[in-house]
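In the two complexes below, subunit A is the common chain; its partner is subunit B in one and subunit C in the other.
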Partner chain A sequence: MLKRKRFIFAILAILPTLAIFGYVRLYPIADTLRLSLFKWDILSRNKPFIGLANFRELMGDHLFLDALVNTTIIAFGVLLLTIPMALVIAALIFHRTRSRMAGFYETAVFIPHVVSLVPAAMAWKWIFDARLGPLNALLNFFGIPAQNWLFDPVLSVICIIVLCSWQALGYAVLIYIVGFKNLPVSLYEAAKLDGASGPQSFWFLSIPMLKPITLYVSVVTLVSGFNVYAQAFVLASDAQGAPGRQVRVLVLDMLENSFRNYRVGYAASEAVVLLVIVLVLTLIQFSMLRERGRI
Partner chain B sequence: MTAEIATVDIGPTADELAEGRRLRRRKRLTNLAIDVFLVIVSLLMLLPLVFLVANAFKTPAEMLAWPPTILPRDPTLANFSAVLGETPLIRWIGNSLAFAVLSTVAIVATSAIAGYIFGKFRFGTLNLIFALFLATAIVPFEVYMIPLYFQAKSLGILNSVWGLLLGYLVMSFGIFLIRQNVIHSIPDELLEAARIDGAGEFWIFLHIVLPLLRGALGALAVLAFFQAWTAFAWPMIVATTRTSYTIEVGLALFQTGFTVDLGRLSAASATVLIPSILLFVILRRNFVQGVASTGLKE
Partner chain C sequence: MASVEIQNVRKAYGAFETIKGVSVDVPDGAFVVLVGPSGCGKSTLLRMIAGLEEITGGTIRIDGRVINEVEPKNRDIAMVFQNYALYPHMTIAENMGFSLRLAKKSKEEIASRVADAARILGLTDYLQRYPKQLSGGQRQRVAMGRAIVRNPKVFLFDEPLSNLDAKLRVQMRAELKDIHARIRTTTVYVTHDQIEAMTMADRIVVMRDGIVEQVGAPLELYDKPANMFVASFIGSPSMNFLSAKVSEDHKSVVTENGVRLPLGAEASAAPGTAVTYGIRPEHLTIAAPGEGIPITVTNIEPTGSETFVQGAVDGQKISVQLRERLFIKTGDVLNLTLASANSHLFESVTGQRL
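Our next item is the complex of A and B:
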């Protein structure tokens, strides 16, 4: 009787949240999957079911493939730049935990992660600016010719990677510091007694022991890399001032198909591709963690 | 007996003392090198933002100067007055603020209730629902925002704060965070004792559970606020009229115009950056606690 009363309370209490959750999460996710199989151009009334035709078309769509390649390069570029730097910086900040400066280091590294994307991107737009930017001025100072950073197809991708890494670094450092704090102190003391130097215990103890954290941070960084949008939108405007066209990324391509070309079903199939990428990355993370658990 | 040991125990030799001094000095030097390195890294991380704020106060001529100045030689407010005259900047900030505050309230409320129920009421059905909540957490917002846009459209709330809010009403991670806290910091005995005293379930939640969750809810609130404040893709598609822009969208579209110069852009950006950095520095502890716990999902 009592248990039943409690069960009723629990259901009643969870109901509003569940309803909201269903409406703003479950339904649109299911709808994305459904729409990806339909041909729906907002303008026409009928939505015929076309199976996997959208996906087949994607495979031959140059704009989409362009976006997919750019986004993948950006995501992995950010990963390769962020993780090693974060690991080293976190190790050093952790080493200096007891110094008065530790709070300052943590805050300084973390601030780029919390400030709004667009204003921060604006700062970098100035740095990279071909005519006014200090980067070219600095290069000139060393006798290197000025580069057209934001308009060159290769350099602009690098600029976006730098901007995204600058933002991602703080989060990775923070998670690594938590990881360092959870490592057993006794192990390090034992290593020290055996004559291991600081860098040695970092390389042979910390890195292997932090592998689960590295996996987690890598997946988070990759996933947010695949969702890159604002950075490309602000940094890579093309010569006509149209934002984001210079470096096409997945989210931009998707929104353009949906709201400029009115091809919602097609855009939904792009969203499904994005979802599959994220799922695969997450599965890799879990299977690698499990493998480690078995050993 | 004790006296005998005392005589055996001779102090460290002069050599050993010197060795100790040498090691200590080496350690101090290493620490100093590490500090120097970390200070440089910290300053490099902050430099773009420092320059942005400095540029906001510069005349067009000084923006071209090399090396770039950190303290403007003759600071001017011309950029600020130009931006405020040309754009409804204050309106955009107001929109963002309203959106972020409402989203924070919604996320804290839904997470508190759902986290408590999932943490303390272990019925089979509820566990199943919780698994569903968790499973959808890995789906990025960008994947389902187009159908959500059409839902907002059919509700007739495009170009309003309510439309913005629709995308940011719940946070799977928030529910998870509160559930962990409920499990670890609220003993069953406490709830049982209250029930024996005749307290109703709702009274228990309000007067016992919520006060105990203050810390976690605070961390979640800061996280939720910044999440909405910095949102970009969703406001970009939902709020498309000049008066309904959030500050992020307003700035991003403002910068694509032709006539815009970097001084004005910097002024507009600085207006947004300075308060959010101050807020972050004040709430740093809460924020770090919240973000750090995202890493402990496993």
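Our next item is the complex of A and C:
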């Protein structure tokens, strides 16, 4: 009797939270899935069900495919740049924790993660500026010819990767530092006696033992990489100054389709593609974590 | 193989000194146990030999070479940690061969040395498993194996058995002793368990508060403790202490209310000197009727093979270990004979043996 009462109370207690969660998190996802199957635009009254026609159209849409390729390159580029750098920086900070500057280093690395995107991107836009930017000035100093960073199709993607990595780094370093703090000290002492140098302990102990952390950070970085938008929008305008056109990314394509072309159903199908990519990445992470747990 | 000489070694953290000038000689091939209560500095001393802690003062020599400033990996020592410190992501074979791999030995050599060590330790069937898949005792053996493959000059053990259950601990104690008898590598072993110390050591170093209280063979420490601390630390249950005064004839000591306790030899102290009389629980036996010293029983603990009796002599606590089965209850008075030859006399204030 008491158990039943407590159960009802518990349900009632979490119901408001569940309701809010359902409304703001689950309902939009479900509705996006539904919209992707309709020819839903803002102007027509008639919004007929068209099955997978939207997805079929996506497969032939050059703008979408461009955006998909760009986004994938950016996401994996950010991953490849962020993870090794974060690991090394976290190791350096962790092994120097006794230094008075440790707190400063940690904060310095983390700040980009909390800084507003647009001003940060503006600052980088200036760094990359072909005529006034300090980057080209530095290159000139070493006798390397100035590059047209933000207008070259390849370089502009690299610029976005650098900006995204700069932002993702702080979070990754923070998580890695926590990981380092949880590694048992005695293992490093044992390795020291076994004859391992600092870099050897890092290579043979830290990297393999931090594998679960690396998996987690990779997925978080990849997912946020696939959601890249503002960085590309601010940093890379095309030759005529239209923002975001130089490096087209998925989120931008989606926004254009729904709010410029009013094709909400079509944009929803793009969102579904993005959702599937993110879900697959997450599933891969979970399965890899589980595999490790078996050992 | 090598000797280890520790000379007047000190360790300070800021102004706080944890090791206050310790000197210990570990002869070649010996099994020396550092024992003492927690916080006495025994682990710190071991870690200084290993090179994991800096030495504030004094010198440590291995095989005659001062190693104060030598990197741990160049000291030619191997250490077994309390929590084993096995690399969780490596197989047992990889764990044991890690040091050889770092030393850039050939694959064949690593495999054969690991196989040899595995054979000594009975781990051959487990080489491809991971530490997680082994029991506590097996992990302990892997930690040993990791030390053995390197064939170091000195083995260091930091409370290696304290994470095992009581039964396994007794078994591993015997195994460790057996392995040492076979490979005869100089060993320094740290424990807080005096039974481990007594059963395994060639020599015991008793430490307290950063100083050495006594060094000697196990039975030497048991029979002739240098002071009350060693007397109470070595032996279980521990020695009884009764305060008394030396009698006129030097042949006994007398408690406050006149209970006479016999001595094995004449006391060197002047009559009337306040002393502490020490006698181990097993050196008390039941006296013939009408003889011996009366003890009021306060607690009885039968264990089957023997009976532990707690009681009071002239108001002072005493515990007795008897072989016979007794049919007594608390409050009874038991007459006991003290084996005077096994009595000890300590200075009351300093606790030093008289």
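Definition applied: the second predicted complex is superposed on the first by the 284 of 295 C-alpha atoms of A that agree within 3 Å, B and C clash if a C-alpha of one lies under 4 Å from a C-alpha of the other, contacts with A are read in each partner's own complex, and residues count from 1 in each chain.
What we mean here is this: contacts are C-beta pairs under 8 Å (C-beta built on N, C-alpha and C of every residue); 3 or more make two chains touch, one makes a residue touch a chain.
Predicted, not measured: the structure shown is a model, and the values here were computed from it.
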item	value
Partner chain(s) touched by A:195 [first = subunit B, second = subunit C, both, neither]	second
Subunit A residues touched by each partner, larger count belonging to subunit B or subunit C	B
Partner chain in contact with A:39 - subunit B first, subunit C second, else both or neither	neither
Subunit B versus subunit C as contact partner of A:248, first or second or both or neither	neither
Subunit B versus subunit C as contact partner of A:171, first or second or both or neither	first
Touched partner set for A:263, first subunit B, second subunit C, both or neither	neither
Touched partner set for A:205, first subunit B, second subunit C, both or neither	second
Subunit A to subunit B touching residues, read off their complex	6-7, 9-11, 13-14, 16-18, 20-21, 23-29, 31-32, 35, 89, 92-93, 95-96, 99, 101, 104-112, 114-120, 122-127, 129, 132, 134, 137, 141, 166, 169-171, 174-175, 177-179, 198, 212-213, 216-217, 223, 226-227, 229-230, 233-234, 237, 241-243, 251, 254-255, 258-259, 264, 267-268, 271-272, 274-275, 278-279, 282, 289
Touch list for subunit B against partner subunit A, complex	30-31, 34-35, 37-39, 41-43, 45-46, 48-49, 51-52, 55, 63-64, 66-68, 110, 113-114, 116-118, 121, 123, 125-126, 129, 132-133, 136, 138-148, 150-151, 166-167, 169-170, 172, 175, 201-202, 205, 226, 229-230, 232-233, 236-237, 247-249, 251-253, 255-258, 262, 265-266, 268-270, 272-273, 276-277, 280-281, 284, 287-288, 291-292, 294-298
Residues of subunit C defined as touching subunit A within the complex	50-52, 72-73, 77-79, 81-83, 85, 87-89, 98-99, 102-103, 130, 132, 146, 150
Subunit C-facing residues of subunit A, complex	184, 186-187, 189-196, 200, 204-205, 208-209, 211, 295
